[in-house]
Each structure stands twice: as structure tokens, then as C-alpha cells.
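These are the structures, in C-alpha cells.
Below are two complexes that have chain A in common, paired first with chain B and then with chain C.
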Partner chain A sequence: MLFPSWAFLLFLAVLVPVYYLVPKRIQWIVLLLFNAVFVCFAGLLGAVFMAVTVASVYAATRAFDALFTRQRETLAAMKTTHTKEERKKTRLQFEKKRRLILVACLVLNFGILFALKYGAMLGRLSAGLFGGKPFGQDLALTMGISFYTFSTVGYLLDVYRETVPAERNPLKLALFTSFFPLLVQGPITRFETVGKALTAPHAFDGKRFLSASLRIAWGYWKKLIVADRLLVAVKALCARPNVYYGDFIFMEMLLYAACLYADFTGGIDITIGVGEMLGIRIEENFNRPYFSKSISEYWRRWHITLGEWFKRYVYYPLSVSKPMRDLSKATRRFGAGVSRRVPVYLATLLVWALTGAWHGSNLTFLVWGLLNGVVILLSEECKPLYARFHKRFPKLGESAFYRGFAVIRTVLLLSSLRILDCYGTVKDAFSSFFSMFTTWNWGAVFRGGIQSLGLSYTDYAIALFGVLVMFALSMVQRKGTIRKRIMKRGAVFSVCVLLVLIGTILLFGRYGFGFDASQFIYNRF
Partner chain B sequence: MEQLLDILRDLHPETDFETETRLVDGGILASFDIVMLITRIEEAFDVVIPAKDIVPEHFNSAKALYALITKIAEQDD
Partner chain C sequence: MKRKTLTFIGILLACIVFFGALYAVSRLVAPKYHTSPLEGHLTGEYYEEKTAHDVLFVGDCEVFSNISPVTLYNEYGITSFIRGSAQQLTWQSYYLLEDALLTETPKVVVFNVLALKYGEPQSEAYNRMTLDGMRLNASKIRAIRASMTEGEDFMSYLFPLLRYHDRIDKLTGEDFAYWFTSGEPVSFKGYLLRTEVRPATDMPTETYDPKLPESSMEWLGRMADLCEEKGIALVLMKSPSIYPKWYPEWDETVAAFANARGLRYDNMIAENDVIGIDMQTDTCDMGQHLNVYGAEKLSRFYGAVLQKTYQLPDHRGEAAYDADYAALSERYETEKNLRRSEGN
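What follows is the complex of A and B.
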């Protein structure tokens, strides 16, 4: 069920009244039933995989809980009768059991994700190497699996670390895993916040409903007016690298940057708005990312929840793991600077390789991930140089001109890396990118070139207007959320803004007969 | 505490670590800095900081970080 579909709007129109009309203690059960409908609508196979995840994570977390309790009781009983060494041995035995359960659960859940993400690619690779018919060509990602696997595994790891208690009711874990707005394109959420909010009672609040409607409408506005329009041109540009090269690539970079922003943030606006409509607060996934002054900063402001997940569960544990500490110690003879950098470098590159792999099985994603890691490490190494530069020219660094330069530099850099996302092969991506520096064909771009991409001049004008509105609102957002300010002006004003948003979507949005409302770009990851 | 402040100042000389309480939330300490910082703390204080303790609330101020180091050192004893 696509967000931009009548089926989804109907689904929401039925859910919201039912949710608030039933007794509060069974609200979460109603939500679970609606989630089940949403999941089954997307395919029964997806529902089976989700059930496996819920069952395995529930069993593992309950087992951790039982083992923690038994460990505490055993160690308490041993306190006066056994030596410190014996108690330590017992504790390690319990830890070993928990680790075995954790590994089994991780292998199962990431195994499913891996098989669905990489099965078809491995089948082709195997057929290429050993001949025969490629296996697994029917394997494809099921609805939201990349997102709910990460959220649920996050909960598994939290219980394993004993930072959150294990949930006793498996249906509550199922509710968290299957919460329908999160299945479209995330964000990746935490059980201790969203999981708990989902099962709490929620009373209807008219103001909150109106505010949530504004956020949802703004999400649709970005998706249907800007993203779906620009996606037509971006797809056309990416499909024919032998025709569209040189300055077309610069245009592609800018169009894709605007398109992806409108698409991903628009979808998350709808997700957060739907959650808010049901009284559930979902984590923000963006913080005006295109105003970042470096790639590292950008990754702290774009797809925040994925970055946080990797930091919390991969980057830090890996950086402080025993093998990494040993490696760091072993490299001390090369100097303290080298030995301290070893954990950071290795963990950064691994996390970025995994981030690339999370996005897809194509080699282009892996190269994209690693290049991001390399750029981040290089900019970290250049920090002393920047510091010296800013010390030498203190006024320049603080000027609006320099800040603007840093923002534009970052957008161009991340857009250059994103070229890898547009093409099927690394070779096509690199040759297209470098053609910008070897071919000067702005003439061809403006002599009918841009009209051959499936959009009319009116479409470009509407998309440009949309981009300017998004930019202007992002500038205003520096002083706090716009919705709060709209809501402060009263219900009549807020409804008027909502009607303007809906009206412009109806007038300028790409929907209805003759248009194919597209799925969100991040839904494929 | 002074030893910890020296390590922190070495990492970011421009920051007043005695008063700053939003080192992570305010973007002063990035993940890169945190891992470098942990390596140096472990060298200086002979403690092992477990991954589950690497959360913003422990790294948002020098005071909170020092409390974490003290807690881990006491547990090890």
C-alpha cells in the first residue's frame, strides 16, 4: 500500500476513528490488527518473515531475561561460599550462553535480510562462475524488512546489554515490529520509546490531529509536487549514460539532490504525522541536512536514525572491542597517533561498507559507502589544517560568505558521491561523473536536452517553485518548527494553511489517471 | 579530573570543558572524537569502557565522563 494512494488514505480514514472510539485499553490491539492488514496487503511472504523475526527476538530476549535472573541468584548464593575466581567463572558461563543465543538470533534475522537483499545477485554471480541457471532470481525485499529488522535487532541488543528490560507480551513486540507507517521507509526506531508509546492509551486531541494533518499534507506536497516530478527526469538521465553526459550530469546531481530530499523527507513527514495522529511520537530522521558544512555533519543530520543505529550497535562496540584494542596496542611502536587511529579508521570504514551494503546488493552502493568513509576520515585528518586557516583568517571563517561556501561545497560533494546511486555499474557512474570535466555541452542541455527527459517547461517551473518553497521553509526552520508557529495563530489559520497545501497538491501534484504514483526511493533499500 | 580535562583540552583546545554540558548533543564531540577519547582515557586511567556505556549522557560533560570512569574503576576493584 503506497502512501500516495487512495487505498492508504481510506485505510487511515477507517483506522483513526476506530482507534479513538474503542476503549483505551484495547487501542493497541486495534492498531496491531490494522498493522496485520497493512502487512498482509503487501504480501503474505513478508508477513511470514516478520513473524519469524518477532518470534525469534521474543524468545531470545525472554531467554536473556531468565539467564540474567538465574545469574544474579546463583552469584548471590555463591557470595559467601565460593572464591572470586569461581564466581567470575560462573558469570562467564552465563555470558557465554547469552552470547550463543544472541549470535543465533542475529544470524537468523540478518540471514533472512541478506538472502532477500543479495540472493538474486549471488545467484547471478554463481551462474557466471560455475554455469547453469542462476538461482534466487525471484528473491526480493519484502515490505519494510530493512527497517523493522534493524529496529527489532536494536531492541534485542539493548536487552542483551541489559539496558532495557525484555517485553513479556509477544503481541506488544509484534506491534512494535509491524507498526505500519515505519514499514514504508523507516525511520529505525527504539523499543524503549516508540514501542512503549504504541501500547500506552491515547486520547483524541483536536489540536494534535490538526498539527499532524499539516505535517502529513506537507509530506505529500513534497512527494507529489517535487519528488515524483523530478524523478521522471532523473530516471531518464540515469537510463542513458551514453546520451546524457557532460553537463547533463551536473544537472542530474542537482535534480537528484532535490528529488531525494523531497522524497525521503516527504515520506518521513507522512510517517511522523501519522504517528502523531495516533498519539505516538516517532523520532525525527532529519535536521535540515543540506545546511551542513561538512560530510560528517551531513550524516548527523540526514537519515539520523540509521547513523545512530550503526554508531550504537556497530561502530562503538567494534572500536572498543578486544581485538581492536589488541590491534591498537600492537601498532603502538608506530607512535601513539597511529595506534589511536587504528580503531577509528577500521571501524569507520567497516561501518561505511555496511551502510553501503544496507542500501543494496549492487557494487555501486559498497563503493559509495566506502567513499563516504574515506571522505570523512580525510576531513578529520585535515582538521588541524582548517584550524590553522581559521586562526590565520578568523573573520573569514565566521562570515556568511564562508558558511555559504562550506554548505555549497558539502552539497556538491555528497551529490557527487550519490552519482553512484544512479547507475547500475561503477564504471558507468565514474565515466558519467568525470565526463562533467571533459565535455562542455550546456548548449545541448538547453537546446531541447532538458525537454527530452519527460518533463515540460511547466513541470520544471513547478518543481523549481517547490524547491524554492522547501529552501525558504528550511531557512525559517532555523528559528524553530514552522508548524508550532502556524498552530499558535489559531485553528482557523491552521485549517487555511492545510487547505492551501491540499489545494496546491490537487492542482500541481503528480497523481490520478495517467500518472503512476511511485513508491518512495528509500523503500527499495 | 585534571588529567581528564587535559586529555579533553588536547582534543578540542577551543572548548571550555569545565562548563560545557552538551559535548555530544551540541556536536562538539563527534563519534570519531569519542573513540579517540576512549583510547586515551583507557591508557591514562587503566579502565575498559564497555560499548553499552558509550551513550551521550556519559559524554556530554567532563563531569559525567569522570563519574563514569570512577564508577568503572570502582567496579574493577
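What follows is the complex of A and C.
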């Protein structure tokens, strides 16, 4: 069920009144039923995988809970009768059991994700190496599995670390795992916030409903007017690297940057809006990312929840893990700086390799991830240089000109890295990227080139207008959310804004017969 | 309380303005079919009719190109209308007939059988030309549901803006001229007049399934049931166009059906010599459709058959009809002469 489909709007139109009309204590059960419909609509196989995740994570977390209780009771009983060493041994035995359960659950859940994400690629690789028919070619990601696996595994790890208690009701865990707006393209949520909000009672609030409608409409606006329009040109540019090279690639970088932003943030706006409509607050996933002045800042403001997840569950534990500490010690003889850097660098590169791998099975994603890591580490290394520069030219560093330069530099840098996202092979991506510096063909771009990408001049004008609106609103957003300001001006004004958004979507959106109803770009990850 | 009322009124007004604007924009972007393709204008013209009809023709291009209701009236006083459109599928003919029978009960319904060769929806563009002009009722809804091809959605038939919004940068003077009016009819009671002469030549041979699709035959059966229920004589006709080909196996199937249901079936291809149709002068596109000269010949011939077989009354001399047809005949002759003089 695509967000931009009548089926989804009908689904929402039925869910919202039913949700608020039933007694509050059973609201979450109604939501669970609707989630089940949504999941089954996307395919029964997906529902089975989701059920496996829920069952395994529920069983594991309950086992953790039981083991923690037993551990506490046993250690309390041993306090006066056993030595410290004996108590430590007992504690380690309990920890070992928990770790075994954790590893089994992680292997199962990441195994499913891995098989679906990489099965077809491994099949082709195996056939290439050993001959025969490639296996697993019909394996494909099921609806939302990359997102709900991470969210649910996050909960598993939280319970394992005793930072959140284990949920006793498996249906509540199922509700958290299957919450439908999150299945399209995230964000990756935490059980202690969204999971709890999902089961809490919610009363209808007209103002909140209107505010949520505004957010949903704005999401559709970005998706249907800007993203789906630009995607036509981006696809055309990526499909023929032999034809579109040189300055076309610069154009592709900019178009893809705008397209991906409109697509991903548009989808998240719809997700958060739908959650808000049901009284459930979902974490923000963006904070005006294209105004970042460095790549590391950008990654703190783009797909925030994925970055947070990796930081919380991979980067920090890995950085302070025993092997890393040992490695740090082993490299002390090369100097304190090296000893300090090695674990950080290794953890950073591993996290970025995993981030790349999360995005897809293609080698391009792995290279993209690692390059992001390398750029971030290089920036870290260059910090003393920057500091010296700013010390020498203190006024320049604070000027709007320099800030603008830093923002543009970051956008161009991340757009260059994203070229890897556009092509099927690393070779195509690199040769296309470097052709920008060897071929000067702006003439070809403007003499028929841009017209050959499947968009009319009107389409470009509408897309440009859309991008300018997004940019202007992002500028205004620095001083607080625009929705709050709109809502402050009263219901009539808010409704007028909503109707203008809907009207422009209906008139200028790319939808209906003759247009591919495109899924969100991040849905494929 | 006062503030709430004001808010409510404000929202209501905003919604009225919004829906009014949507309606206006929707009308603006919907194709008008006044210059091309004219076939899209035909379905809607039926609703402009002020008099009832003795004969309704239903079918595809072989009815709206080959039968001239003006000739039928001028020669025999038969009142008729053609509910036909380009590639109008059998179930679309059924629902257009069902729709027409809501407001009138003709004595005879003539169905041109060529469309029986299609058992599945064919093309969104042709669906639109047939269905967009249909008034909104249960027949239209059922016709849409039966006709949609893959990728089409039902809502866009009810709200044309959803389908035609991308025409916003392709608007022409025609769109503004006929924004809120359907304008003058482009047909003559459903007949599209063409004066071009393009002689028939050898047409490409094609592979075909000797069996007509079961689904289209079922729709024909439903059409026969509908007419039977209303006491209307259903006549099956294959007009004399020679391409697309009408194969002997299909002919036999339709003849057997007509025989089984006690219906008249006229295959006019065999009657071309009797009618006097010369495919060197009476066709506008190499034998696919008749031009006005061929259509008039066929109408003269078939009018006589229908009048004799079904004792259709001669309405000439009846003031209501004479006034209507006199104006129509004048426009018909003017158009014919104009097109002839322009070499079309």
C-alpha cells in the first residue's frame, strides 16, 4: 500500500474515526488490527517474517527479564554465604546465558534481513564463481523489514542492557513492530518512547488533527510535486552513463540531492503526521540537513534515527569493547595520538561500512559508506588546520559568506558521494563522476539535453518552484516550526493553507494514469 | 460561542471556494474533444437530444461513421441516434444502451458486431473517449469498472482533474472556449461526417482467433436480455467496412447467436453490391470507414429494411421533429459542402 495511493487514503479515512470512536482502552488493539491489515496487504511472507521477529524478540526479552530476576535473587542469597569471587562467577554465568540468547536472537533476525537483502546477490556471486543456476533470485526485502528489524533489535538490546524493562504483553510488542506508518521508510524508533505511546489512550483533538493534516499534506506536496517529478530526470540520467556524462553529472548531483530530500523528508512528514493524527509522537528524522556546514554535522541532521541507532548500539559499544581497548594498548608505542585514534577510526569505518551495507547489497553502497567514513575522519584530522585558519582570519569564519561557502561545500561533497547511489556499478559511478572534470559539455546540456530527460520546461519550472519553496521554508524554520506559526493564526487560516496545499498537489502533482506511482526511494533499503 | 460560529463559517467558506475552484480547474483541464479527436465528444451529445428516437444504433466506429441519421429521417422519417464511439467495447455499448433506456424506449436497437472481437479492455484513451461524456449514474459506474485497463483508477473517472491535471501546460484556446459549455455538437445525432475519398487497397493480413471471446458474447447476451425485457427489437449488424476484417467463423458465431435468440442479423459486407457501395469512392480511409457518400447509401438501404421489418412510423410532417431535423439537415449540408470545397 503506497502512501500516494487511494488505498492508503481510504485506509486512513477508516482507521482514524474508528480509532477515536472505540473505547480508549482498546484503541491499541484496533491499531494492531489495522497494522495487521496493512502488513498482510503488502504480502503474507512479510507478515510471517514480522511474526518471527516479534516472537523471537519477545521470547528473548522475557528470558532476559527472568534471568535478571534470578540473578538478583541468587546473588542476594549468596551475599553472606559466598565469597566475592564465587558471586562474580555466578554473575558471569548468568551473563553468559543472556549473551547466548542475545546472539541467537540477533543471528535469527539479522539473518532474515541479511538473507533477503543479500540472498540474490550472493546467489549471483556463487553462480559466477562455481557455475550453475544462481540461487535466491526471488528473494526480496519485505515491507519495512530494514526499519522494524532495527527498531525491534534496539529494544532487544535495551532490555539486554536493562535500560528498559521487558514488555510482558507480546501484542504490545507486535504493535510496536508493525506500526504501519513506520514500515514505509522509518524512522527507526525506540520502544520506550513510541512503543509506550502506541498503547497509551488518546483523545481526539481537533487542533492536533488539523496540524497533523498540514504535515501530511506538506509531505505529499514534496513527494508528488518535487520528488516524483525530478526522479524522472534522475532515472533518465542514471540509466545511460554513456550518453549523460560530463556536466550532465553535475546536473544529476543537484537534481538527485533535491529529489532525495523531497522524497525522504516528504515520506517522513507523512509518517509523523499520521502518527500525530493518532496521538502518537514519532521521533524527527531530519533537522534542515542541507544547512549543515560539515559532513559529520550533516549526518547528525539527516536520517537522524539511523545514525543514533548505529551510534547507540554499534559505535559506542564497539569503541569501548575489550578488543578495541587491547588494540589501543598495543598501539601505545606509536604514540598517544595513534593509540587514541585507532579504536575510533576502526569503529567509525565499521559503522559506516554497516551503514552502507544497510542501504543495499550492491557494492556501490559499501563504497559509499566507507567514503563517508573516510571523509568524516579526514575532516577530524584537518580540525587543527581549520582552527589555525579561523584563528588567523577570525572575521571570515564568522561571516555569512563563509557559512554559505561551508554549506554549499557540504552539499556538493555529499552529492558527489551520492553518485554511488545512482549507478549499478562502482566503475560507472566513478567514471561518471570524474567525467565532470574532463568533459565540458554544458552546450549539450542546454541544447536539447535537459529536454531529453522526460520532463518538459513546465516540469522543470514547477520543480524549481518547489525546491525554492522548500528552501525558503527551511530558512524560516530556523526560528521554529512553521506549522506552529500557521496554527497560531487560527483554524480558518490553517484550513486555507491545507486547502492550498491539497489544491496544488492535485493540479501539479505527478500521479494518476501515465505516471508511475513510485514508492519512496528509502523504501527499497 | 460566537467565535466558534465565525470559525465554522470561515472554514465553510474556504471549503466552498476551494471546491468551486477545483471544479473550475477540473473543467478547464478536461479535454473538450471539439477539434480532435472528435470521437470523444460523441457520448455527451446524446444528452442534448430533446426528442425521442425510434432507432438507437450502438457500437464502435462502424456506426458513427457509416450510418447517417439525417438520411434516415429525410428519406424515411425515421428518428434515430448513434451511441457509438471509437473502439467502443461491447460492455460499453451495453451500459450506454442501459443509460439511454433510462429516459427513452426506442422500437429498435441496432448493434454493430465488430467490437465482439474484443473480450478485454483495450486502451485507456478509448475508454476515456467513450466514458468521459457519459452522465454520472449506476450505468456509468458499472461501465467504468468493466472497462478499466491496468494502471487506471476509478476515482479519476469521477473527478477528471485526477486524470487530466497534467494538461495544465497543454491548454489551448479550445479549452477556454468550451470551459463551461459543451458548445455546438460535432456530430449529426452521433454521426461523424467525413467527405474524404481514399479508395480501398490491399490491407495487411492479420492473425486472428476464429473464436469470438466468451466475455463479449456474454455481454451481447445481456444486451439481448435488456432489449427483451424492455420490449425492444435488437438487430445485429455488421456494417460494410472491409477492414478490420470480419471472418467467416465470427460471422457464423453471431448468426448462430441471432438464430438462437430469434434476432435479426444483417451482414452488410455481402450486400455491398446491392447497396451500391463502391470501395473506390465511398470510403474515407481505404475501406475502414465509409465517407458521407457511402454512409448515405447504406442509410438509404438500411432505413428501408428497418422501416419495412419493424413498421417504423414516418415522423416527417410532425412539427417537433421537422423543426429539429430541418436545422440539422441545413447544418449537415453546409458542413458537407464546406468540407467538399476544402477538399476534405
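We adopt the following convention: the second predicted complex is superposed on the first by the 525 of 525 C-alpha atoms of A that agree within 3 Å, B and C clash if a C-alpha of one lies under 4 Å from a C-alpha of the other, contacts with A are read in each partner's own complex, and residues count from 1 in each chain.
As a convention for this text, a contact is a pair of C-beta atoms (placed from the backbone, for glycine too) under 8 Å apart; a residue touches a chain by one contact, two chains touch by 3 or more.
Remember, predicted model here, so these are calculated numbers, not experimental data.
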(request) Assess the superposed three-chain arrangement around chain A: do chain B and chain C clash, or do they fit? (result) fit
(request) For A:Trp6, select first, second, both or neither according to whether it touches chain B, chain C, the two together, or no partner. (result) second
(request) Check the residue A:Cys496 against both partner chains and state whether it touches chain B (first), chain C (second), both, or neither. (result) second
(message) I'd like to know which partner A:Ala104 touches here: chain B for first, chain C for second, both or neither.
(response) neither
(request) Figure out whether A:Thr458 sits in contact with chain B (first) or chain C (second), or with both, or with neither. (result) second
(message) If we overlay the two complexes on their shared chain A, which of chain B and chain C does A:Phe508 touch? Say first, second, both or neither.
(response) second
(request) Identify the partner contact of A:Glu380: answer first if only chain B is touched, second if only chain C is, both if each is, neither if none is. (result) first
(message) I'd like to know which partner A:Arg300 touches here: chain B for first, chain C for second, both or neither.
(response) first
(request) Angle at the Cα centre of chain A spanned by the Cα centres of chain C and chain B: state it in steps of 10 degrees. (result) 160
(request) With the two complexes superposed on chain A, say which partner A:Val320 touches: chain B (first), chain C (second), both, or neither. (result) first
(message) According to the stated criteria, A:Leu21 is in contact with first (chain B), second (chain C), both, or neither; which is it?
(response) neither
(message) Nearest approach of chain B to chain C by C-alpha atoms in the superposition, in Å, rounded to an integer.
(response) 40
(request) Mind sorting out which residues of chain A both chain B and chain C touch, each in its own complex? (result) none
(request) Write out the stretch or stretches of chain A touching chain B in their complex. (result) 161-163, 296-297, 300, 311-312, 315-317, 319-321, 325, 328, 339-341, 343-344, 347-348, 376, 380
(message) Residue numbers of chain A touching chain C in their complex, please.
(response) 6, 456, 458, 490-492, 495-496, 499, 502-503, 506-515
(request) Spell out the part of chain B that touches chain A in their complex, as residue ranges. (result) 27, 30-32, 34-36, 38-40, 42, 48-52, 54-55
(request) Show which residues of chain C lie in contact with chain A when the two form their complex. (result) 7, 10-11, 14-15, 18, 21-22, 25, 124, 151-153, 155-156, 161-163, 165-166, 168-169
